[in-house]
Structures are given as structure tokens and as C-alpha cells.
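Letters are used for the chains, namely A, B and C, taken in the order the chains are written, and counting of residues starts over at 1 for each.
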Amino acid sequence: MELRLSDIAVARGGVPVLSGVSFTLTAGAAMILRGPNGSGKTTLLRTIVGLQPPLAGKIEGAADTVAYAGHADGLKAMLSVAENLTFWAAVYGRRDIDAALEAYALAPLADRLAGTLSAGQKRRAGLARLMVTGRPIWVLDEPTVSLDVDAVKLFADAVRAHLRAGGMALLATHIDLGLTDAQVLDVTPLRAAPTALHGASDEAFL
Amino acid sequence: MIALLIRDLRLAFRAGGGFGLGLAFFLILVVLVPFSVGPQSALLSSIAPGVLWLGALLACLLSLDRLLALDFEDGTLDVLASAPLPLEAALAVKGFAHWITTGLPLVIAAPFLGVLLNLPPEGFGWLVISLMLGTPALSMIGCFGAALTVGIKRGGLLMSLLVLPLYVPTLIFGAEAARRGAIGMDVETPLFLLAGISLGSLALLPFAAAAALRMTIR
Amino acid sequence: MSIWKYANPVKFLALSARVQPFAWAAAAIGIIVGLGWGFFATPDDFRQGSTIKIIYIHVPAAWIAINAWIMMLIASLIWLVRRHHVSALAAKAAAPVGLVMTVIGLVTGAVWGQPMWGTWWAWDPRLTSFLILFLFYLGYIALWEAVEDPDTAADLTSVLCLVGSVFALMSRYAVLFWSQGLHQGATLSLDKEENISDVFWQPLVLSIAGFTLLFLALVLYRTGTEIALRRTRALNVRLDKTT
């Protein structure tokens, strides 16, 4: 079980933002993407998850193995935390949500409506969603936004536990999570140069 | 799939879910009709099937912009698109949930509103049957329209512009069946054609809607 | 050498520049001669009098209104299958022309209908179908305008065009079922018995040819404009990136 990217180029709004992205993520490993805002981290993650096609290159091992947590949490304000998680578990053909509630200290909040949670609590519920999917590869886009120090620690512990169990994690984040073994990929040198814009959807017009 | 259906239904019935708004709109619209055309019972009874069909159609349209827009805003659609459930199935389920929460109540309420409009007694059965057969098509076509416009800011008005022309055949056959039923004519042909449109929409539009949605969230 | 090489905007523009003068000239000749012949050199109809002459505008406009949509459908399919930008832009360029032709068809129909049927408007199946077609054109154009990313707009409008075509066809039959019309039968058909006489027929065909060429010239011209706009956008995006 591994995730392998070979020479991936991705585009945002039809214009290439990153090119030549290659890496392999093996079981138990984590990778952290770094790079300035707008450098294409989110676009790369969305491409890996399959929400948009890559401009070039090949992604192997991502089909039916990735769980994605983007900027939005995918929680319904009018459902309780437990209902939200149970729903997502069911979508992935699973049932058990207790481990996820436990890991993010959500048990006391399980019956609260998601709409009444604070931003950080909501975020925790959104991250707990990854655990209920049972998918081996977690793809996380800025997972620590609005989390306090304790919650960040909970999250880092959850990721470590996931890795120990043979899972993988791919994160775009600026915060040091203490994942000492994680590989770091700085996307800045991979940014598509304005002159090397092959594959842009509007290339034919130049 | 069942989880998605249950979630959508639960959301609709919770406070702020908008359940009943379509029904209330339907009621108000039907009450306004006599004010605009006059209280003559003969006139009302001849236009009743058409008014009830048009009212049901507009009430259905009213709730469409919430069908996907809320899921788009809170990121649910992104996750659904990368979940094991095919997006086509997810959209079919969402269309079905929309029908249960909007279409079905309209079907049930229609005969009571028919009384207000002096619908002839023999028309009630056919009105309910035609709405029962036609409203699934309205929900599914609406689901397609919502998928087309979900990424557009203030797409609600645009969606009406796109969806209403697509409603024409359903409205014609549905209202025709109800009208013929009310005056004791043969209703078979329009009912069969109406059922055909509904079945065709249910079978094919989830694919078109999923294609459109993938283009939008890309 | 294949037709697909004109999917390249530059090659398309070069071809378009060569074809356009001929298309404009031929369209002008077709329309001027067709309308002039029809208006001044044909006898009045024994039943309809001089009002018959409006067919030299009405029928070609209606012809273009329908065929423009069919052309958009084909162009949309080409875009969805082969991702040729020119195809998508040609569909976009054709829509307003089709819309205007639909309006011309409806208005001339109303003007013709007034003396003939004694009413400006009747819910006749064919009139109604054109009104529905008009709504489809409106929705299609509005969707193009509303979506910001041009490729997404092309994708979504293509899907709408496909689904819309199916529903437009269903509406056509639904409307036929719903109302028996006042409209006269087909003006042009292969069955000679039903055809109008040659005296009217010849200028009409010329006029239809002229309108078709006018449509071709307009679409070529407008597609060129759309290509220029896309090019401007593509260049701007890159300028932003470098700064």
C-alpha cells in the first residue's frame, strides 16, 4: 500500500500552478507540504483526492484509499456531532464512531448540534470525520486552523496513532506538529514558471 | 445511500430545514388565485387543475436552491465527490429526498386546495395521480438545475430561468391529465407520457447532474 | 490533413478571414436578391394578398432559429468529447444570433398572423414551440454569462445544451399534443403536392440560402471576437503571474 505521484502538474482556473511533483508515500509515513499562500498546495491536494484531474503525470494508489478534509468541515449545523459522524461513517460503509469521539475529546459534545459548537470544536469534529472513514490515506488541508494548543496536540496524537497503525497522512500546514519522522515537501521550487506553461487549457490561445 | 436519505430528511424536518415552506407557498398561491381572477365558481372550477399544477410546480422550484447550495458551502459536496458512493447515486438520493420533503406533501395537500378552487369531484383522483406521477420529474429536473448553478453566486434566479423551460413537458402532460380527469375525458395518454417523462428523468438526469456537479467543484 | 486542424484558434482565424468576405458577399446577394425578388417580382397570393410576402423573412428566420440550436448542440458535443475551444466558442457565438432569429420569427409571425388569423398571438403549437425555444436560448446565454471560469462555463453550457435539446424535443411533442394549431402545413416539403407554387418557392429558397450564409458569416465573425477575448484573458492571467 503506497501513494505514488509521478511528475504531476496541476492547474487552478486552467493555469498551471505546480509541475513536476513526484513523491512516494509508504505505509506508516507522513508528508507535510509547505509553501507560501497561493502556491498550489490546496490544488495539489484536491487533485490527489480526485476532485480535479491533473494536467499531466500519474497518481497511483489514491483510488478508494483517501479521505479528504478541506477548508470546510462538511458538518451540518442542524445535526448533532454524533449524527454528523455516524452519517459519514455510513457513507464509507462503517458504523463505529466512538474511537473518533474519544480521540478528539468530543464525547461530551456528542449530542450538541454542530451549529452550536465553537470554530475550534467544529474543526475537531471535522477532523474526527477522517477517523470514521477507515481510509488509510488522510489528506488534510490546513487541519490546525482555529485549533488551540491542546487540540493541536490531540490532532497530532491522532495522526501518530494512524501512522502507527499503518496509515498515511498528507498534510498542508504551517504549524510544527511534532511529527518528527515526516518528510517535508516544499512546493516553492515546483511552482510552474510563467514561461513554462505547457498544458494550460487556454494554451491554444497564445 | 440510505444514510444520505435519512440525513437529508432529518435536516429537512429540523428547525430551519425549510420543510413546510413549499407547502405554505402552495397554499398562499392558491388562495391568491380567486383574488386575481374573481370568485365565480364556474371559472375557478375550470382553471383549478391548471392552477394547482402550476402552484405545485412553483412550490417545488422554490426549495430547489437549497438542494445543493448548502452542501456546497459547508464542504459536504467535496467529501461526497471523493466518497465511495457514486455521485450519480448521491444526487438521485438527494432528488428523492427533495421529492419526499417537497413533492409528496404537495401531492397530499392538493386535493384540499382543490376544494378551495371548486375542483369538480371527479377531478380529485386524477389530480392526485397526475401530481404523484409528475412531481418526481420536477424534483429530478430541479436537481439537475441545482447542479448546474451551484457554484454561482446568487444562482437562484438563474436556476429558475434554466429549470422552468425544462418543466414545460411535465407541466403540459400533468395539467392536461388533471384537466381531462376533471371534465371526465380520457386521461390515459397524458398520464402515460407523464410517467414516461418521470421515469426517463429518474433514469438519466442523475448522470447529467453528476457530470455538471463534477465540472462545478473542479 | 483533417478538419480538426481548424480546432486550433490561429488556423481557424486564418481560414475564417479567408472565408468571411465571400460569406458576407454571398449572404448580401442572397438576401437582397431573394427579398427583392420576393417583395417586388412575385404576384400576391390569391387568398392571403400581399401579406404572403412576409414569408421571405419569417421562414428563413425560423429555419435559422432551429438550425442554430442544432449547430450549438453539435459544437457542444465536439467540445465535450474532443475539448476543442473553438467549438465551444462557436456555440457561444451562435446563441445570440439564434435568439435574435427566434425573435424575428416570432415577431414576423405575429405581424403575419394579425391579418390572417385576426390575432397577434395564438397558442398554436408551432408558435408555442418557438416561444419555448426562445426561453432555452435565454437560459443558455445567461448560464454562459454567469459562470466565471470560461472552461467550466463551456462545460456547463454544453451539458445544458444536451439536456435542453432532449427537453426541447419533448416540449415540441407535448405542445402538439396540447393544442391543435392554426398554422399552415409545411411550407417546404419534398412532397410536391403540398408545396407552395414555384413562383413563391424560388425566391424563398434564395432568401433561406442568404440567411444561412448570413448566419455563417456572423458566427465566424463572433467566434473570432470570442477567440480574441479568450486570448486577452489568457495573456492577462500570465501577466499577473509574472508580477
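Keep in mind that, in the parts below, a residue touches a chain if its C-beta (ideal position, glycine included) is under 8 Å from a C-beta of that chain, and two chains touch if they have at least 3 such contacts.
Keep in mind it's a predicted model, so treat the numbers as computed, not measured.
Interface comparison, A-B versus A-C: the higher number of contacting C-beta pairs is recorded for A-B. Closest to the protein's overall CA centre, chain by chain, comes B. Put simply, the C-alpha centre of subunit B and that of subunit C have 32 angstrom between them.
Chain centres here are Cα averages; for subunit A and subunit B they lie 37 Å apart. Between subunit A and subunit C, the centres computed from C-alpha atoms are 48 Å apart. Shown for subunit B are the residues in touch with two or more other chains, namely 218.
Of all residues in subunit A, those touching subunit C in their complex are 13-15, 194, 197, 200-206. Those residues of subunit A that touch subunit B in the complex are listed here as 46, 49-53, 64, 66-68, 70-79, 83, 86-88, 90-93, 129. By the touch criterion stated above, subunit C contacts subunit B in their complex at residues 132, 135-136, 138-139, 142-143, 146-147, 152, 155-156, 159-160, 162-164, 167-168, 170-171, 173-175, 177-178. Listed in rising order, the residues of subunit C touching subunit A in the complex are 8-9, 85, 149-151, 227, 230-231, 233-235, 237-238, 241-242.
In the complex of the two chains, the subunit B residues touching subunit C come out as 144, 148-149, 151-152, 155, 158, 161-162, 164-166, 168-169, 172-173, 176, 189-190, 193, 197, 205, 208, 211-212, 215-216, 218.
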